[in-house]
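Structures are listed in the sections that come next.
Across the two complexes that follow, subunit A remains constant while its partner is subunit B and subsequently subunit C.
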Partner chain A sequence: MTQPPARTLSALGLYRRMAGASIVAQLRYPGTFAIQAIGNFVTTLLGFFGIWSLFRRFGSIAGWDIGTVAVLYGLVNVAFAVAETLGRGFEVFGGEYVRTGSFDRLLLRPRSTLLLLLGHELRLRPIGRFLQGAFVLIAGLWLAPHVQWSAVLVLPLAIAGGAAMFLGVLIGQAALCFITVEGLEVVNVLTYGGVEAGQYPLTMFGRWLRRFITFVLPLAAVCYYPALFSLNHPDPLGVPTWIGALSPLAGFAFLGVMVLIWHRAVAGYVSSGS
Partner chain B sequence: MQPPFPAPDAITVKNLRKTYTVREGGSWRGKTREIVALDGISFSVPKGQIAGFIGPNGAGKSTAIKILSGILRPTSGEVQVNGLVPWTNRVAHVARIGVVFGQRTQLWWDLSVGEGLALLRDIYSVEPERFARNRARLADALDLGGIMDQSVRQLSLGQRMRAEIAASLIHDPDILILDEPTIGLDAPSKLAVRAFVHELCQDRGTTVLLTTHDMHDIEALAERVIVIGHGRILADSPFEDLRMTTLSERILELDFHGTPPELALPAGAVETARAPHSLTITFDPRQIPAPALVAHVGHLSGLDDLRISRPSIDEIITRFYADHAA
Partner chain C sequence: MTLRPYLTAFGLQWKIGLRYRIAVIAGLVAQMWFGAVTLMAYASVYHAAPDVQAPLSLRQAMTYTWIQQSLFTLLPLGCLPAIGDAAKTGAIVYDLLRPVDMWNWWLSATLARLLGNAVPRAILLACVAGPLAMLVGLGAWSLAPPADMAAAALSLLSITLGALLSATIVMWWNILTARTLSPLGSYAVGTPLAVLLSGMLLPLPLYPDWIRPFLLAQPFAGITDIPIRIYLGTPIPGGAVTGLGLQLFWLATLTLLGRLWMRQTVNRLEVQGA
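Right after this comes the complex of A and B.
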């Protein structure tokens, strides 16, 4: 009898298994899950009603119509919902891994720490935000006057880039937990604050904030510019519209930088033990 | 990464040193101070041995365990576990060891024991046939049959610990590190865990490094104890040797049906307690062997019963720590 060759389950295969197990665990209490998902849907929808009522009252604000704003709103919420779904392990990293010492347990598994934390949970609850964002996004495309056919290609790229960017923020937040687990609510400025800021056209913000959400956190690159491109809406600040077809890639670059920072942080943890 | 020659021992540690830098006063600008957790320790554990690794809290045990597990990088020194340097290739190293931290679960709270083991199969890439074999063997030896379908959250501490041990062995590691495996367990569970570890070592030649504060674990399992204190190795010997050098005395208890008589005791024996119907004598068996002492007191009138006992392992270790100011 020959020993079967040792076969390493691929990272993707293992991720599927871990995600599947986490879904089984979440659906163990289906009632709780349904209430949470519906609550998620309703609270995010209420947020949009605030914007909608403003536009209903004033028609358009500073040259922006409701269609464009709905596309921005839909994009950022769908992207954030995807990141929340994938990145739960990073979101709870400080409380559930660092503070309790469980991160040591994770290091004892012969797999990448990023993969293991992605596999912490495939969170189903953000489905409420996702559906609601997708609904507003489609409504915005229907309402906007000059939708480009290429939006079909650019908007999915923008969603993917946006999800990568928000996932990067969550990974960066987790890396910060090695230094301190206190006061990390500050990072919510980038996640929830990013979602808020992404809902509005860039021109609504002051110069300092515009620069921040363009060059530090590439929020404009994954949301504002692709939306302008898809709706064929010229940028009042004079940036060429075609930029929006490529700018979502900045979200992936941001994620890449955060992954590098994560590896540095883990190496630092392993050498200091704290 | 293969070493130039196969290391004969499962674990080899040479001049291992680890210092931590701490900030005084907790402020960002405070002065830093060095704390020495391990001050150059050396030992090796041959394949198939159960070595007890003990010491008071803060002695450096957990630092050493973390370094051997590959989750902490030492300041200096050499370590080889299974021929690998733990911290240079974490993934390859941890694939070949099993670790049980008594206080932290490695299973998933919301999953059943069986589901958790299946997930570990995929994490460790255990072939399906080998997994089925190991799972059946471990379920049998650790009596997991009734709890395979229960979620980990619902298990009692004893059941959980048995599941944890199974989880740490599903990938056939050559080395098992047990950190407080019996903490909080009731007596039957403790005995079951000890019996299992003993068998594992006998039947499969697994090398076991055991840290515990329960000296009965050590007495029952360890062929050898490594005592660590202040980051140094204070003793490294079979437990019997530690007993002889630390607290070799024995105790003779005598029960009388009347008042115990006044005794003239031989050299090496002293009366240490007197009660209305009993007498306690402490003696050093190297000066006066037990049979001679028993012969000396055996003819006393009114003597009902006599018992000889040794100091408990807890007393021995307490004395040892005190002697070494550990």
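Right after this comes the complex of A and C.
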């Protein structure tokens, strides 16, 4: 007679163990980790140096003060760093799971595939981007003239919504790998390109791009509008400011849609064999 | 001295670069996106501050951005992937045993890899950003033609030197890789340096005035910044001769020092594996 397992881990407990193992593995090579984290910090900080130089030369970016732009820049970078930390399994999904056929093994386990892929790696390297984003964000709040107290609530919500949105992009990218097998770098347009677009005020862009990053990818909802709300800055396009307190929820909605697509895609999965 | 082995090394890497057609298309989409975001940002910055005397006009800044985007894969972002693999597996000994000059052998492979990646992308993006953009009525956003015939001829010469210079800098990353036995360090150091110092992040003429002479004099400016300045006809102190002279100076200096460093590294190289 087979014994039922004495104890199964809850989803959270299981994730904690996988994440712990991943962290221990990354810290095995402390020198490599330090170089990569510092490289990440410097690379992303240089990005802000470019924007700062534009300010030095032109006085403002199209009428926006440096505090506002720093808040936008910090928000989008912190949110993306969180998504990058959690979603590494989806980023490498095509090459490491679909092409090799090792996704079959995940399907045999009695756990959600999403949970197992989240546990693929809790990546520590984006801590460089996270720290410098947080640093620029705080500097921006310090420089901006009309910071609202409600920013204490709205900015964390915006970061969570933004992280959910970028995680949604990574999950969508992984779902696409069922068709393309190898990962497609075009999706980088939505991740790294999203970070690039999110750090400028929405009004700088042409109409097609504004619509795309508002309604297709809710980038403006998790970054631009919450920043306006927190800084009590009226929107030049006339959208009421209070929208920014609620709009980060669109990031979670986007993640929800991508999870639905993921389940659809898994249901139609045909192994490449091994 | 026979040239054939070096030509073979060149031909092999050139073909590898040309094989990934989908990657070329994916790269084109990504470069168009980053180009569009950057251009819209510059356009609104310039329009908001009409009386600021910038060293580049808006049209020149846009052309600068397009050329820079199209030559992204020409930048020395890290070591040659084949050498990174060879360093990790220990296959680097085979290179040591070949009866060829190792600097030239690696340099021809590196140059071919850079050109094989960059040339198709550059031609494609130049067609899209130049004539095609004109045809669909985006003339104001398109790639401007060169300043005059002399500028066109000199910039062609200059970009050839730029490609050689970039390959020489990659040689330094290759030696670093052979020394540390891992390609990661070269990417961690190379990517931020190349992106900032070549003018990819922000055109070098737009940085604050006090830092501009230093930016022009450092070796990375010779890869794309000097050729683009000659193409645009923007003044370089001392004219195009200074630009070409700087390129030749860095080419000679980095080759001499690099060869010394390589000899020293090879003499005490410890190889992994059996």
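Convention: the second predicted complex is superposed on the first by the 261 of 274 C-alpha atoms of A that agree within 3 Å, B and C clash if a C-alpha of one lies under 4 Å from a C-alpha of the other, contacts with A are read in each partner's own complex, and residues count from 1 in each chain.
As a working rule, a contact is a pair of C-beta atoms (placed from the backbone, for glycine too) under 8 Å apart; a residue touches a chain by one contact, two chains touch by 3 or more.
Owing to the predicted nature of the structure, the values given are computational and were not obtained by experimental measurement.
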item: Which of subunit B and subunit C A:I138 touches, first, second, both or neither; value: neither
item: Touching partner for A:L107 - first (subunit B), second (subunit C), both, neither; value: first
item: Which of subunit B and subunit C A:V189 touches, first, second, both or neither; value: second
item: Contacts of A:V24 with subunit B and subunit C, given as first, second, both or neither; value: first
item: Which superposed partner A:G13 touches (first subunit B, second subunit C, both, neither); value: first
item: Partner chain in contact with A:V152 - subunit B first, subunit C second, else both or neither; value: neither
item: Contacts of A:G50 with subunit B and subunit C, given as first, second, both or neither; value: second
item: Touching residues on subunit B, where the partner in the complex is subunit A; value: 18, 20-21, 63, 66, 69-73, 87, 90-92, 94-95, 97, 99, 101, 104-106, 108, 110-111, 115, 119, 122-125, 127, 129, 151
item: Sites on subunit A touched by subunit C in the complex; value: 32, 35-36, 38-39, 42-43, 46-47, 49-50, 53-54, 56-63, 184-186, 188-189, 193, 196-197, 200, 203-206, 209
item: Subunit A - residues contacting subunit B, complex; value: 4, 6-9, 13-14, 17-18, 21, 24-26, 28, 100-102, 104-105, 107-112, 270-274
item: Of all residues in subunit C, those that touch subunit A in their complex; value: 22-23, 26-27, 29-30, 33-34, 36-38, 40-41, 43-49, 52, 54, 182, 184-185, 187-189, 191-192, 195-196, 201-202, 206-208
